[in-house]
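Below are structures written as structure tokens.
The two complexes that follow have chain A in common; it is paired with chain B in the first and with chain C in the second.
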Partner chain A sequence: MTDTTILQKTPLHDAHVDFGGRMVDFSGWSLPISFAGITEEHRHTRNACSVFDVSHMGRLVLTGEDCESFLNRICTRNLMEAEVGRSYYSHICREDGGILDDVIVSRFEDRWGVVCNGANRQKIVGWLDQHREGTDVLLRDETTSTAMVAVQGPKTMELAAEITGQDLASMKRYRHVSYEFMGMKVTVYRCGYTGEDGVEVVIPAGIVKLLLPRLLGNPKKPHPIIKPAGLGARDTLRIEAAMPLYGHELSEDVDPLSAGQAWCVDLNKEFLGADAMRKKKAEGLLKQMTGLELDGRRIARQHQRVFVGANDVGEITSGTLSPTIGKSIAMAFVDVSCREEGTFVEVEISGKRVGARVVKMPFYTKPK
Partner chain B sequence: MENKSIQYKRSRFSTRLPSDRLYSASHFWLKEAQPGEWRVGFTKFATRILGEPVELDFEVEAQSQVRAGTIVGWIEGFKAVTDLYCPLDGCFSGANPELDEEICLIQNDPYGRGWLYVVDGTPPAECVDADGYAKVLDGAIDDMMGKST
Partner chain C sequence: MAQQGDAMTIPADRRYSETHEWFLVEGEVVTIGLTQHAADELTDITFVELPDEGAEFGVGDAIGEIESVKATSELFTAVAGTVVEVNTALADHPELVNDDAYDEGWLLRLKVDSAASLGSLMKSKEYGNFIGSQ
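And then the complex of A and B:
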């Protein structure tokens, strides 16, 4: 980013400013990092209900006869029996297994939807374009004509039903439903990136100003329960839930198996990257994603080294001071030989070694 | 003149600048608690830039000599670690013990209980009063606005 770059604004931008959001440059978008403070927003999401603007994420729509077979060849997840009304977390990989992005693929009656990371949107559009040649697949980018908000927290489903007048509680996780709201189509997905129950809602950009007061109230009379939250809390929440973030746990230099995401890979089907992953699996993984709990309150940062004695065994991918458990936690990409729970390792922070222990992930699981 | 302050507002940032102390261009305040004994803290603007603190530590021993510009420690926020610079020459005489228990005081009460440490010494001539610091803030905020539009 140069100083002269004009940041893209989401349809919620002015509302963030009105609610006192601290705006930052996030992959070329002006987005709020926090409102009341990261810890407070984090706790509010765990206890009640928060709204996150995720409009910077790419929203792509695919239509045509060949969508199913095309997406099944592009995605690691098996989509050949994908059901209408369901959403699937998947990776999109290069032929050598390097992860290009992690996405949510949704099947509708008449189309498919792909939600990708904002920073990867151009890359994914290019990748899909390159591979759809000769197929009956049309691609439309609806990112800027729509907005997307994540509403997350234990009180979400009850409040969402109240606001929308729809029976959303009966909808299971990773399902979606579309309905008319103020004459325009709104799609509600029951999923999220916080480790809490909640929904992600895609709405036409034009009705954001009508919908938002129902969600948040206004700055002078805010909603008593639903509060805005920023990217800072989104990050601490997803780390506690051990959810990977592209650019940290996931990248073109790592494959889904090493990233600990084998669950979204079906090696029994053919897809881009399948051969490389089968080979990797047969050879055995050398490094894998691991959870660490550090001594003290210092935060382990991406790329800091992890040691066992004198041996460099890997590196930190993400870390934070967990607001829920009050401890410094981190995800690290380390030698498989050091992944046993309880293994003592050290993280080098600013030239000093800080003790840490291998722990099970996720660091936080929502109460049943 | 204690407890007097000037009100400052530019763009969307507003603060109170107590008149009973000096300010450095690096956004620290310095208040003479006893003759020759200066309490140092972050201005509200500095805390706004740093975000929520989670940990801080000092790397200089009590009673060691420090100079304006010396790194005396670091402060860790959710997003980054920032060095703590000393704004004056003198003898470092200890950190605020209250911060061990309540680090959020730095953000919640920056001009009061959230002070950082004490130095026995003399502030450099570059330190300014509240009116002078208001001009420093004008420049800093204009720079930021220019970068984010």
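And then the complex of A and C:
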């Protein structure tokens, strides 16, 4: 490699290399894009169980008397009645409504946890620091002292109970539980970013090498069901599930309402960005996140333009050839007048117009 | 690690460009494909756009596009000629490029007046060093 950038390594790095992971630079971290192949890993996650390293994501811990009111002012989600043992998806916005990040906020007995995007960690730490002045809130960054793995797929809960010896199946979605494992504290969240059932597990970095073989086996004798998966499959899985990705559907240039995430915004409370969002809502949104299904096999890429006749009505934020549905699907930020289901639009790909139809999101929902 | 495996399996019967196409000369017909290294880097290939038979190209022209889950890249020819055949199997099975880049995953064939322009391209060993140094 002629690239001299020194990439950060997660506690799982050596295991990725041992399992034949194709390592890439992902916002400063060396992470696997794929192992057996993106499509194969995608299908395996939909049918069985995959392990994703998400240790690059920021793990922040907040303590102090004022955490609840502080986080409630920072987050779009109403956290005033947040319960211990539960996790909440939320956005953190600027005063003008621009999204700084999307996060999972969890309440514990003695603290709060915030999981943010890896690429936004410094920004969010800075934002929290700036706004906690004069409050009783302490902030600790546990990103590098811990590892985080997502275990996802329909066989996950059964296998997780087997491996951990814990009754995890009775835990509902967006709940978390902490327990002792090998004398260290492990926290299991029933969350994910694939559209499948599964868990995300935070463990001290020091026990990764002990715990990982229980999950994956070793390269010579891999686990028969649980397989490693990379960032490529994580992206195609989240697109099928129409889950937004920061830097694509979400950015500082868009507000949560336009991004189609109004469900995590409580305009009846006061928080940073609330006034700007109320104003936007009153004036009416101009563009909104929309699902498209394209003709043919070509993949629509971020920033490609969307047209209705001669009119440029918006742009693509993410697209893929869906392994599950077998069609080219995309998310796009388009004029609200063109969002009715079935509307015919065109996407300009490499100078050619490709026909597409507005469809409902998510593109994929897991079988009940 | 993967690169050593690639280098060992780079066929010696053809020439290689810095943009990762291979060129196999058989008489006045040149078969063009993408190298296994490039196919691996692209990850799962989902679509290949190829020209029509009869289309004419000059040295350095873009002859098509190859698209994967990850990215879209242009394909270039290092020899001038007329398209005599395209790999029609790729329309339904673009993954053939991933599975067998040097054989079943070939892209197209050009009829050429002269293959002299390919003389400046890399031989298999040189290409192996080239991808190893990247």
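Note that in this section the second predicted complex is superposed on the first by the 366 of 368 C-alpha atoms of A that agree within 3 Å, B and C clash if a C-alpha of one lies under 4 Å from a C-alpha of the other, contacts with A are read in each partner's own complex, and residues count from 1 in each chain.
To be clear about the criterion, contacts are C-beta pairs under 8 Å (C-beta built on N, C-alpha and C of every residue); 3 or more make two chains touch, one makes a residue touch a chain.
Note that the structure is predicted; figures quoted are calculated from it, not measured.
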{"item": "Chain C versus chain B on the shared chain A, clash or fit after superposition", "value": "clash"}
{"item": "Which of chain B and chain C A:His303 touches, first, second, both or neither", "value": "neither"}
{"item": "Touched partner set for A:Leu7, first chain B, second chain C, both or neither", "value": "first"}
{"item": "First (chain B), second (chain C), both or neither touched by A:Ser30", "value": "first"}
{"item": "Touched partner set for A:Thr39, first chain B, second chain C, both or neither", "value": "both"}
{"item": "Residues on chain A lying within both footprints (that of chain B and that of chain C)", "value": "17, 22, 33-34, 37-39, 232, 236, 296-299, 301, 320-321, 350"}
{"item": "Residues of chain A touching chain B in the complex", "value": "3, 6-7, 17, 22-23, 25, 30, 33-34, 37-39, 232, 235-236, 296-299, 301, 320-321, 350"}
{"item": "List of chain A residues in touch with chain C within their complex", "value": "1-2, 17, 20, 22, 33-34, 37-39, 232, 236, 296-299, 301, 320-321, 350"}
{"item": "Residues of chain C that touch chain A when the two form their complex", "value": "1-2, 40, 43-44, 46-47, 49, 65, 67, 69-70, 72, 94, 98, 133-134"}
{"item": "For the chain B and chain A complex, residues of the former touching the latter", "value": "12, 48, 51-52, 54-55, 74, 76, 78-79, 81, 107, 146-149"}
